[in-house]
């Protein structure tokens, strides 16, 4: 993205920490474990922040739509401003998406981060429902927790 | 009153030139990598954006530290003679400049360590080790020039090189110029010696917790440090120009050299960097020193 | 003049009497320090004041009498150490509220010997006060705690060894010059060196070794870190800031004038052999002190080595043998006194509240003890020699002197040491105050008022001396002029260097710094508002450290802070270790001691040894 | 003539000294000590000897005449007291040796004096 | 003034009577010692010093005479004061032997100091070592019997040597009177002079605890009870020092141009070294004091052997400081070891906190022994150092070693006084306060001499002046009776 397609000429560049970033690019399928990290990273980004969902996996789960440990729609968990469709979309598509995002920001309509703040409970409920399963079990594996898991799968 | 105005003017000028150099620098690197690169005013845009964003802080030390770091570097800048005249009529002593620069780094280090993020503290420990690394050869170079000119005031040293290009220190003492160049590379934290920023290893090192205006202040500090360091090298080795324009041009030449080196070199490990700094530039500087002492 | 020495004695006795009531003893201690400071202030300028006590003991044909005279440089040292001691004694009222053993009795005796050393008229009085200070500080360091014994024993054997050398030197000097007075004996030593150089050099080196031991210079740099880690913190503040100067004072009044004016073979026509000896001792202890300080984990040991490197700077200043260098060193004596007292007061406050002195066990105390943090921060900036504060002036003058005399190696060593200082000073700041606050210190409170006031005073002094060095330089230059050096009285804020137009006006440096801070402050307020975030909320690549059992202690990066740097120097530090040398000497003595005990335990060889003795006598008498 | 007396008493002294140094048994040491003592006493008397002298007793007018040929009586007086001292010391030492036997249950001088350690 | 003889006669009579007195012994002991002390003080006050008493009317060179000059009266006072202080330490002793031995010791030591005749001096030395051996054996256990026996064997061989030297003196000079010997010795040829000196020196050095001769010191100190230790140190030691001054300095003055003084210097340096290093690892407090007294005597002998009047004055200061300090230390050791009933100083942790006066006086005594300024020992060490450095290379090396050794002494003494002040609550222990009066008084005395040496400077000046012009001062007092 950066050297061959020179996205830097639009002033766009990769930043090492969410603190310094404006746009969160979520690429590839989102498993439950990564969702937990995404939420934390999203919350660590200062205002105003935007999310670009990349590829069909984040929009509707893509080819992993029926897998037990991925989520199908990222928008339920964190507000997404703009999505790029295509199973691994072309770099030009991403650059175009970013430029349209810039225009949307200029015009003021891209404000998803405000939504996250207003109905935070809705997002929180969705997140908790999913994230119950990802608590790391250090050492022992409690028996009752395992039964809980397969009811979920059945549901 | 005049002094306050001059101080304010000099600071703005320094920040402007610094950001300009950064922008052009990124453009030059892009060109080297066969791509267009951001517009030259990109640095101004970034700083503007950063100052408009919200930001997070851990405790009052972060705010105090960042303000102190930019303040320190601006104070250093006020002591460097720019094209012959200084902000406030005082002696531009090299030792004072060297110690004042330390405020900048100490302030930044304090703010960053206050965030409690281990990446930041690792970055700072590398930065300070690197500082010890480049400070020694740089001072040896300065020592040589001070002994030759018999004065430690930067103004007198730059005036001693007036006249044709032949009696520039760069020509009279080529070895110390090379050593100073390498040390400058490390001083600015450019590519071969940027183990402290190292985005891949420690998530941009000290800047990991800086967001919004703190990152903006860090950008400005870096800009002013570029301006100050290049100004020192110009005064020391290229005779300090008579008018501002040639002075800035000379500064840009120096900055270009560092950008060229930065574009092509991979990163040193921190102890490799210090070992390198203490052998190669230090060796050259000591050689030059011996030549000076023998003369 | 006499009441200056009598008051500490009387207070010692009265404190010993009231030893049970802690509050009474410490207020008495404070009162007497206050009186001493006032008295010193009142005798400023009266250089002819003196008092002598006739002991009636005949030596070298004359009745010896203990003499105390108000010499200018002695006054300079005594006044500033009295000032610092007063501030520390305010601090130690609060500090000793719940400590079992009371160190004020011994401490008062040390202050008596301190005044005696600075005002001694002749070498024997100097030696008596020196030796008194030696053994009293042993008791002060141990202060009733057994774990402090081996550090204190190491210190005691060194200081007694030093005193033995001093006694030999004084007797040799007395025997050859016929007088014990300090000034005439300096001229006497000059004649001896010029006439029979070997003997003169031996005497001078004997004097030098004693003073080097007491000021922890290169060969004897190991004892501060053993002693500072063990002693009671408020006394250690006094010891590390004031007592380490006892070696410097006699160097200033005796060694430097003699070495400066003796005609010995000169090297590179910059200085004679002895100057280079002093210089290299200073340079090595500066560099070694900094390196070892970087690798310490205990905060008190770290600052012990920082004192060693600061003493190195002072020696470097002496070795340049220029007026600027000499002034710079004496100015650094007071600067170091102030900043070291500030730093150790904060350390004492930290130990008082947390009881912990290992740096990797501390962290994040800025949240709970902001005032202590501010004093520590100013102390760090001053110790690093950064302009607005007081450390810079003296370092600047010393470097100027070294550069003007083209002593290149010493200048580079000085810069290496002072840049290295940033490393360990910042490490201390980061590990103790910044970073994550462990849960056990969550309810640590700020220090009580009696301890906060001295810290605040120290902050003010550091800033004052930093911006207006005249406060210290004026009395210093008047003292030097009174002694006889041709020096012009320093102005309030301008410091003169020795190179061409090398004068800096610290006032302007301060204004520039303030201007810079104002401009960046404007920039700061120009930006959007920021909201504070709890300390756990850090970028850790999305992870939740608490879930993986990483508590605040393990999350802080402060255990092996400069690990890569340490690996570079490990082979060097392993090879030269003076400490093993002294330890092996100690072991040999103890091994010998057990064999002798064995010999005397059996005891049946008595008659055999008796006859051997007789044979020896016969051998001596009849044959040789 | 007096040479022989001095040499013989000196040899006695050296025999006694050899005995004290080498013997382990305390009683033998004391005996050797007495040998030295007698040797020294003989030496003292030998010092007072005058060639062809007569006993220094003033009992008849005859002896007052040749006073100078009389042997010097003073060392003999000294020897008297030193014999008494020698007796006293040996008696006391022997009583100590008896108690030494009970406490160290060995008569050799090498026995250690530490409690409980009996070599 | 021939009542001076009572000083020797009365204790001897008391020695015989003690068999029958049973439990009256303790009181008679106090009476006799007090008599001796008061008598010698009255002689000291009477100002008729110096005078000479011919025993049995026989004139000087022939009969035995008691001589009282400045040196004698000072040492007499020292001996009797030490006696008085040591008997206060005697607790519930019923056996009469102890008292008779004590009386003999008292008589013998007073005799040694008073006598002016060589054989008489030998006699009293023999008596005192005999009495000390008896007192050491008082405890009747394994340690004390072994110590007493070995001490007896060593001291009797030594006295035999001095007997032979007396014989030699009589053969060559024909007289046994100190003054007469001093006069005639100058005319003697070198070889026999050396022989006499060596034989006499051998027996003297045993008492003066100099290295090859002092193997008995540690054992006898360890084996005996505290009061006997104080007897050995206070009375026998002081009398031995008097003997050294009187005989080595006045009778054998030109010892200094023979090499014997060089050997003495080396031996005394060795003694100091052995004494200090020996004490370094020593746990038992009494043995530490034994080693330290050996070292102090080594320094004293070093001062004497150097020969210059400066160093002799120094060694006299050392004698005063050692005399006072050791008395204090023995008393403190006794109180503390009885309180914790173990002689090991580590078990005495924290006692200083409960009984500070005892610990402080112990520390003051230790500091004076180390030669710290403001204490009596410093002036001694200082003048010895000055005189040693201005002499030849050997003495400079010697004084350097001695100073290093006193560093070691400093370390182990202050370590002991540190253990006294360690924070440890010892409330199960009780020592009656009355015992802290004597040590504190002596410690104050040390402090006074340390701060204002002028107090005893005058006395030492008389001693030095008497040694300096020995011929007319001492000799014609005795021979004036001709």
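Each chain gets a letter, A, B, C, D and E, in the order it is written, and its residues are counted from 1.
Heads up, the rule we're going with is that a contact is a pair of C-beta atoms (placed from the backbone, for glycine too) under 8 Å apart; a residue touches a chain by one contact, two chains touch by 3 or more.
What you see is a predicted model, and the numbers here were worked out from it, not measured in a lab.
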| item | value |
| --- | --- |
| Mutual neighbours - chains that touch subunit A and subunit D alike | C |
| Subassemblies held together by touching, subunit B left out | one piece |
| By mean Cα position, the chain sitting nearest the middle | C |
| Pair exhibiting more inter-chain C-beta contacts, C-D or D-E | D-E |
| Separation of mean Cα positions, subunit C and subunit A [Å, integer] | 60 |
| For subunit B paired with subunit D, centre-to-centre distance based on mean C-alpha positions, whole Å | 99 |
| Where subunit A and subunit E are represented by their mean Cα positions, the distance between them in whole Å | 97 |
| Distance between chain centroids, defined by C-alpha means - subunit B, subunit C (Å) | 36 |
| Residues of subunit A touching at least two other chains | 17, 19 |
| Contacts with two or more other chains, residues of subunit D listed in rising order | 17, 20, 109, 113-114 |
| Interface hub residues of subunit B, defined as touching at least two other chains | 53-56, 203, 208-209, 211-212 |
| All touching chain pairs, where touch follows the definition stated at the start | A-B, A-C, B-C, C-D, C-E, D-E |
| Contact set on subunit A toward subunit B in their complex | 3-4, 6, 8-11, 15-17, 19-20, 22, 46-48 |
| Residue numbers on subunit C that touch subunit D, as the complex places them | 601-604, 607-608, 611 |
| Interfacial residue positions of subunit C with respect to subunit B in the complex | 364, 366-367, 370, 373, 377, 380-381, 384-388, 392, 395-396, 399-400, 403, 406, 408, 411-412, 415-416, 419-420, 422-423, 426-427, 429-430, 434-436, 497, 499-505, 508-509, 511-513, 515-521, 523-524, 526-533, 535, 537-541, 555-558, 561-562, 564-565, 567-568 |
| Subunit D to subunit C touching residues, read off their complex | 17, 20-21, 109-110, 112-114 |
| Of subunit C, residues touching subunit E in the complex | 19, 54-60, 100-101, 124, 127-129, 131-132, 135, 138-139, 142, 144-146, 149, 152-153, 156-157, 160-161, 164, 167-168, 171-172, 174-175, 589-590, 592-594, 596-597, 599-601, 603-607, 609-610, 612-614, 616-622, 624 |
